[in-house]
Amino acid sequence: MNLAVISIKIFRAMITVFLLVLFVFVILRLSGDPAVQMLGLEVDPSALEAFRHRWGLDRPVWQQFLSFFWNFMHGDFGQSFIGGRDALGVVLERLPKTLWLMGLTTIFTFGLGIPAGIYASLHRNTIADRAIMGLTVASFSLPNFVVGIILIMVFGVVFRLLPTSGSETVWHYIMPVVTMATADAAIFARFSRSAMLEVLYSPYMRTARAKGLMWGQAVRRHALPNASIPIVTVGGIYVGRQIAAATITENVFAWPGIGKLLVTSVQTRDLAVVQCIVILVGLTMVVTNLLVDLAYGWLDPRTRTGDGK
Amino acid sequence: MSEQPLGAKRKTWLDHLFAMPTTILISTIWVVFMVVVALLADVIAPYDFKYMDLLGRLKPPVWMAGGEWEHLFGTDHLGRDVLSRIIVSIRISLFVALLGTLIGAVLGTTLGFAAAHFRGRIDDLIMILIDFQAAVPFIVLALAVLAFFENSFLLFVLVMGIYGWERYARIVRGLALSASSSGYAVAVRVLGASPARVYLRHILPNMASAIIVNMTLNFPETILVETSLSFLGLGIQPPLTSLGNMVGFGRDYLLTAWWIVLLPAIVIFVTSLAFSLLGDWLRDQLDPTLRGN
Amino acid sequence: MNSQLRSVEPLEPLLSVRNLRLTFRYGFGGWFGNRRHVHAVDGVSFDVARGEVLGIVGESSSGKSSVAKSILNIHPPSSGQVVFDGEDLDTLSSHEWRDMRREIQYVFQDPLGALDPRMTVLDQVIEPLTIHSIGNTIERRRQAHDLLGAVGLMTESHGKYPHELSGGQRQRVVLARALILKPRLLICDEPVSALDVSIQAQVIQLLEELKKTFDLSIVFISHDLSLIRYFCDTMVVMYLGRIVESGSTAEIFANPRHPYTQALISAIPVAEPGLKHDVIALQGEPPNPFNPPTGCHFHPRCRLQETICRSVYPDLEPVDGSALRVACHVVTSRHQDQ
């Protein structure tokens, strides 16, 4: 891809980030006095004044936005209600737990979903295929908190096999990971199946067979690489879904990660933390989408010559 | 209006009915059942869903020991009849999802048209908004809005409305752009039609099926989002009830009174599954060129 | 008939186009690379008299379709003047344009694309009347019905949808729709190119009849020279956005002056197989509109090319004192020598 196209993509990404910060800023303004929102009503008026000054709330709006932005760039999102600590610190503290959860889920999702989908595509219309298809539809029709609750009921309450909240031991990981992995594994299974099907019955596969390749070789050498292209696209959406899923799953299992922190902060109106999480999440998504976009361009020679509108 | 071979009669709706596979038939029946329940909620529900009978708390469902016929599904931790609450929740959830889907469709379609019609800067602006919406996971955005503003029912419905608008906008924009440069749009303009007439009477009807297809996708998803948010306690607030609500508040009683949680959960599962299957099948019927996802 | 008939001298042309230009810009411009320009129409002038059929001939990049679109304001012209019946079209407000639509109508190349797939053909012919609020529902239906009959579409087909009709039938519908407003000028852009050859003749005949019935003036755009010869009174030959030869059809076919015109005419298949005639084969590729040759755009493919042709663009000059005009240095200088 030429430099112009890459630059445009990066530029658009930056605009999205800008818009995100603007969004948070606007919401903060619209919903009431930010000082009161952030610090609460019972605080000393001088603290409110100090807050206003620190965040430039006594200056014209555009200046406020600039200082808002500036503070964000320096990692200053305000003070959390939790012990009056720095919001960013509070968030980063919980990050590892969430990352562990997501990491393991990803391994399961890819490890289970994609092979299942490929298997189904290779054994089209057999019982195995139909079973997999049926299972997957059921899986992603279930909101993941329902999956979580059912798992808790079965393994936590009835059989008392697994712990139902917290994250201390390895056993604690099992149910949350399964909960999160279910819907996405289903989606990946369906997706890889249709991607493989599209490729398997395409003309160039027949050509490969005609060349004398064994079926297995043809699949490996031609079908899989080409089917991987749409899978990369889905990868971008996947990260977003993971974040959304984590938000809910962590609450079901009282998992001390960012998802639980977000919901708790919303409930207690700890706006500094909410602000922080929203922007970090947005930033992550924008970067991910950009990378996917670029990777896609590199993988698929058809898109290399430019950004078609 | 497809060609029929000579001698074939037109397919009636009965023929279509019998052509459905069994699972789809069951899904349709369930969906219709849910809609009926939602519409007749006031009449069907045996009790006022808010009515608390504190002496009769945590009664089990009728098929278990200690259950009564007065409370088919038992009562919850505040003595409220679970069956009535489920019935009213169905109505509220479906209503919110419907409203949300419609708002999203209208908003997205309008912006899609605007982008295609005005081009230039307005198109760029709307595309950026679309990118923004698609970039951030909706639940995070929704939580942010709900955090900063007081959570009222109206606000929540609006937030549900915003879910998914960007998909409509993308589709409509694409179709409108290709339609307006296509033959008949130009031809009708040359005949003297105003842009509004061209959009409303020519372009919109031809993209109606694409919009409807998207609505069938959007609706069950909206139900899921609403349910999840309500589960977290940030969606539909008490005294109003929602299926997600019930699961969320009943969580603490999982050990002692599992019916408070499991019964609504089952309803969520079956309803969502039914809508998904039906939606998939409808999409296949409307446009066979769309491959199932 | 139109109540806005102005008292114009009968000899004044119905349509008068002067120095029409239509330029398209491509590319991002601004930060990344330059905008590229395509002069689709590059200084075109012609007249269409009342009751006359003007033919516009050219290859695909010649700009002939763009001329039509400029006149109709589908793409507003970048510069130049279009005067219809004494009125300068550039000065019209959007409200006045709507009324003007009743006077000038357009027939597309692709009849299937020009029709809304979801409306019956009768409804589509009725629609222009509805747009301009002519008559009541019953009258409109009647008019549309009659007109469809007049163009040769049987009553049984009136309730059908475009995809249920044949190509020839569709084009009849398009014609009916264009004519129901009783325009005075009809612009036809390759009206028969998408049809089977056997149907083409029928549609052309239909056009002839309609021209007489409705007292139409027609601009007939085509790449098919034999059609032009048959149907058009005057003609204009375009190459890469400019006119290279213009005049009456009979004169041009009898004695084409411009080397491009000569090559085109010589390539028309002749009915008698044994008859030898010299075909002037054009060398080279069709020109790239993004990067046109300097000077006379035709020079790289011209067998008469001289030095001046590479640097200076020839103006359209009259030849033999007649209405015939040619844009070629060589032809003009030869004429001057005589």
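For this structure, a couple of remarks:
Letters A, B and C mark the chains as written, and numbering starts fresh at 1 in each.
One rule holds in what follows: a contact is a pair of C-beta atoms (placed from the backbone, for glycine too) under 8 Å apart; a residue touches a chain by one contact, two chains touch by 3 or more.
Note that the structure is a prediction, hence the values are computed from the model and not measured.
Centrality annotation: B (chain centre taken as mean Cα position, compared with the mean over all protein Cα atoms). Per-pair tallies of C-beta contacts place A-B first. The greatest centre-to-centre gap from subunit B, using C-alpha centroids, is found for C. Between subunit A and subunit B, the centres computed from C-alpha atoms are 23 Å apart. Annotation: 52 Å between the Cα-based centres of subunit B and subunit C.
Chain geometry summary: the mean Cα position of subunit A and that of subunit C are 57 Å apart. Partner subunit A is touched in their complex by these residues of subunit B: 128-129, 131-132, 135-141, 143-149, 220, 224, 227-228, 231-234, 244, 247, 251, 254-255, 258, 261-262, 265, 268-269, 272-273, 275-277, 280, 291-293.
Every residue of subunit A that touches subunit B in the complex is listed here, in rising order: 12, 15-16, 19-20, 23-24, 27-28, 30-31, 37, 137-138, 140-146, 149-150, 152-153, 156-157, 190-191, 194, 198, 240-241, 243-244, 247-248, 251, 262-263, 265-267, 269, 271, 274-275, 277-278, 281-282, 285-286, 289. Residues 72, 74, 98, 101-102, 105-106, 108, 110, 112-118, 127-128, 131-132, 161, 164, 174, 177-178, 181 of subunit C touch subunit B in their complex. Listed in rising order, the residues of subunit B touching subunit C in the complex are 1, 3, 182-184, 186-194, 197, 202, 205-206.
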